[in-house]
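Beneath this line is the structure, given in structure tokens, with notes to follow.
Chains here go by letter, A, B, C and D, matching the order in which they are written, and residues are numbered from 1 within each.
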Amino acid sequence: MAASRQGELPLGRLEAFSDGVFAIAITLLVLELGVGAGAEEHMLESLLHEWPAYLAYITSFLTIGVIWLQHSSITGALRSADGTLYRLNLLVLLLASLLPFPTKLLSEVIGDRDPERVVAVFYGLLLLALALALTAFVRYAAEHRELVKDEVEAEAVEAALVHQPSFLLYGVGIGVSLLLPTIGIALYLATALYLGIPGRTIRRLLQRR
Amino acid sequence: MAASRQGELPLGRLEAFSDGVFAIAITLLVLELGVGAGAEEHMLESLLHEWPAYLAYITSFLTIGVIWLQHSSITGALRSADGTLYRLNLLVLLLASLLPFPTKLLSEVIGDRDPERVVAVFYGLLLLALALALTAFVRYAAEHRELVKDEVEAEAVEAALVHQPSFLLYGVGIGVSLLLPTIGIALYLATALYLGIPGRTIRRLLQRR
Amino acid sequence: MAASRQGELPLGRLEAFSDGVFAIAITLLVLELGVGAGAEEHMLESLLHEWPAYLAYITSFLTIGVIWLQHSSITGALRSADGTLYRLNLLVLLLASLLPFPTKLLSEVIGDRDPERVVAVFYGLLLLALALALTAFVRYAAEHRELVKDEVEAEAVEAALVHQPSFLLYGVGIGVSLLLPTIGIALYLATALYLGIPGRTIRRLLQRR
Amino acid sequence: MAASRQGELPLGRLEAFSDGVFAIAITLLVLELGVGAGAEEHMLESLLHEWPAYLAYITSFLTIGVIWLQHSSITGALRSADGTLYRLNLLVLLLASLLPFPTKLLSEVIGDRDPERVVAVFYGLLLLALALALTAFVRYAAEHRELVKDEVEAEAVEAALVHQPSFLLYGVGIGVSLLLPTIGIALYLATALYLGIPGRTIRRLLQRR
């Protein structure tokens, strides 16, 4: 019934497919962790030496986790989906599933300043593009009242349109990465932690709507 | 109740398993992205040099995404499944889950014309086989009225049987790949984008039925 | 309500988790496909040379697919699960998720008769263990009437206990693999195809119960 | 309706995402299994020589399986989730999805006592952290009565707060690993088996609540 109007698509498959992609992307990150060949001699030092790889791992893990939290809140406020929302969702998934790529690159260029800069900027641009795609996803849903559950208030839908400060944070992180890539990645991590604070993302996106 | 008639199988597991395979295949594609050993020296150039790998990545991602969109629309119009539909579905999943293989090969033969031709033709044949398998899946469902929801109109089921132009597009792409493999892959990408246009796939497969 | 009796567990999570593991195992198989280093020179020959790897791929894919079909039929006839069924299910998943291991080994020892024998026998033993574990899973469910849906007939539950001929087929395949590993693997494939014939597995397991 | 109160989030997405991550982590473990280069000569010996890798594999598989069993039982007793439970769940998933990392390391340092010690201790610390995170997840749920189903008794919620003996077992395992890493890992496996005994985890967590 929910999917019987003209142009509407079931929300359940969109959620199931998205859960799958987020879960796989977040779990694939572990495949890139490891120590170099010949590390057996000094295993403890080798493991500790890889700390920038762990920093990149935890940053990507928390970013995908927070994106999933937001995605979960958004679709929880929806009643149905349409073709355009399906496509915007595919764009979000495309960018999220690309995150293991710069995460792997970062673990490969540890301690090598110049390539670290390139990879950290690339990583930041991908994070920024992901935040923009998720915002486009939210905006499209908020602007199409017929996709939103009846009990979700109209002014709350407007509130979700407020410009996300994560854009600014990612912008600063990208700028810093040009000079100090490790600090830049720490800023990306801080952004994920900030977005993960309960009062900010979940409540604003779900309850206030 | 829906699965209680003779020979019927539940649709939910078919959808859940398919969502899983599509989600994994689409996310595994990222594992093949990377830069060659010794790329640390000129990271930016190395990253940009990999553009044919990104072209193959985006083509495979969008193709699996569009196949999932179509699959989602088709099963959304169904009421139940039977053993043959389960098997046709396994064939679709087999071909879809093979896509990471030529995608990886393409990223390995970048700039080497002769192997590029072989791989691009192999890639196109796999895409064509996938389109054919999905069509067989749709046709079988459309020809078995007891599997389709009652509210889906009979003439719409017939309309879904119209020959898909994607066959022709893939055929042209395969032919072009014999001479100009990169252009051939761009044609595969164009086909995925064309199939992804809202009015074409989703509406025709779901609403008009 | 379905899970409220003493010792019962919800069936939904068991199905969702199993769908996930089967879907991932079946999709991971593609990661092992590839051509050796230096294959760029003669890509077509290199691709064709890998045919035993494709044979192993298709055998593992179809085996996991058929196991999933059977699993899907079995849980479709159930009303609930208990702790022992959860554990037997974990055993089935353990063995199914191991299949990519001998599949990878087979693609590595192509054309080398002695290691092929070892790997083909190991592969067959794993397939046999998987068939035994699935049978234990079915038997346990059939012997615990409170786990089976009321509308599934009692004599049908007994019928599901008939010894599966797949044990014999796998036994023959293992024996043949000791001498002719490639023929042995072809027998494993034939067994998967045989188990996949509609009238055999699905109907016997689901409808006749 | 279940998610309509202030601050509540749907439980379904949390379960689906967790099932996905557990299923992927448990299935990715197989990717690390393999024999070294040049093993073709003595395939049987090479396969048998890898037994510590199989020990690590089965330990990680059963640990994730038991964690999933417990997680499944816990969420089966819940009525809803909130933002904090979502975040504690992400922590459980983060630690569970890291398990393939020490599992891979263990298979790489086979027979090399010093690095084995480091990796076995690291593995044990991760298992301990995972048990602590799962306990925090259970405690938080048990202390927030509004998240628990009405029919689950109050004293049972208290009973779930009893200190888990797995902490002690993991502590002993870590200590033993400092001297005899293989015995330490066998203790981790024994802990997973102990936790998997029906009467212990499932019944205590779900029924007695």
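Note that a residue touches a chain if its C-beta (ideal position, glycine included) is under 8 Å from a C-beta of that chain, and two chains touch if they have at least 3 such contacts.
All of these numbers come straight from a predicted model, not from anything done at the bench.
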Completion exercise
Taking each chain's centre as the mean of its CA atoms, the one lying farthest from the centre of chain D is chain B
Problem - Same-residue or different-residue interface between chain C and chain D, half as cut-off - result: different
Completion exercise
dist(centroid_CA(chain A), centroid_CA(chain C)) in Å evaluates to 35
Problem - Geometric centre distance via CA averages, chain D-chain A, whole Å - result: 25
Exercise for the section: Would you please write down the residue numbers of chain B that are in contact with two or more other chains? Expected result: 16, 20, 23-24, 28, 31
Practice task
Within their complex, state which residues of chain D touch chain A.
Solution key: 3-4, 6-7, 9-10, 13-14, 16-17, 20-21, 23-25, 28, 31, 83-84, 86-87, 90, 93-94, 97-98, 100-101, 104-105, 108-109, 112, 114-115, 118-119, 122
Practice task
In the complex, go through chain D and note every residue touching chain C.
Solution key: 15-16, 19-20, 22-24, 26-31, 33-35, 39-41, 43-44, 47, 58, 61-62, 65, 68-69, 72-73, 75-76, 151, 196, 198, 202-203, 206-207
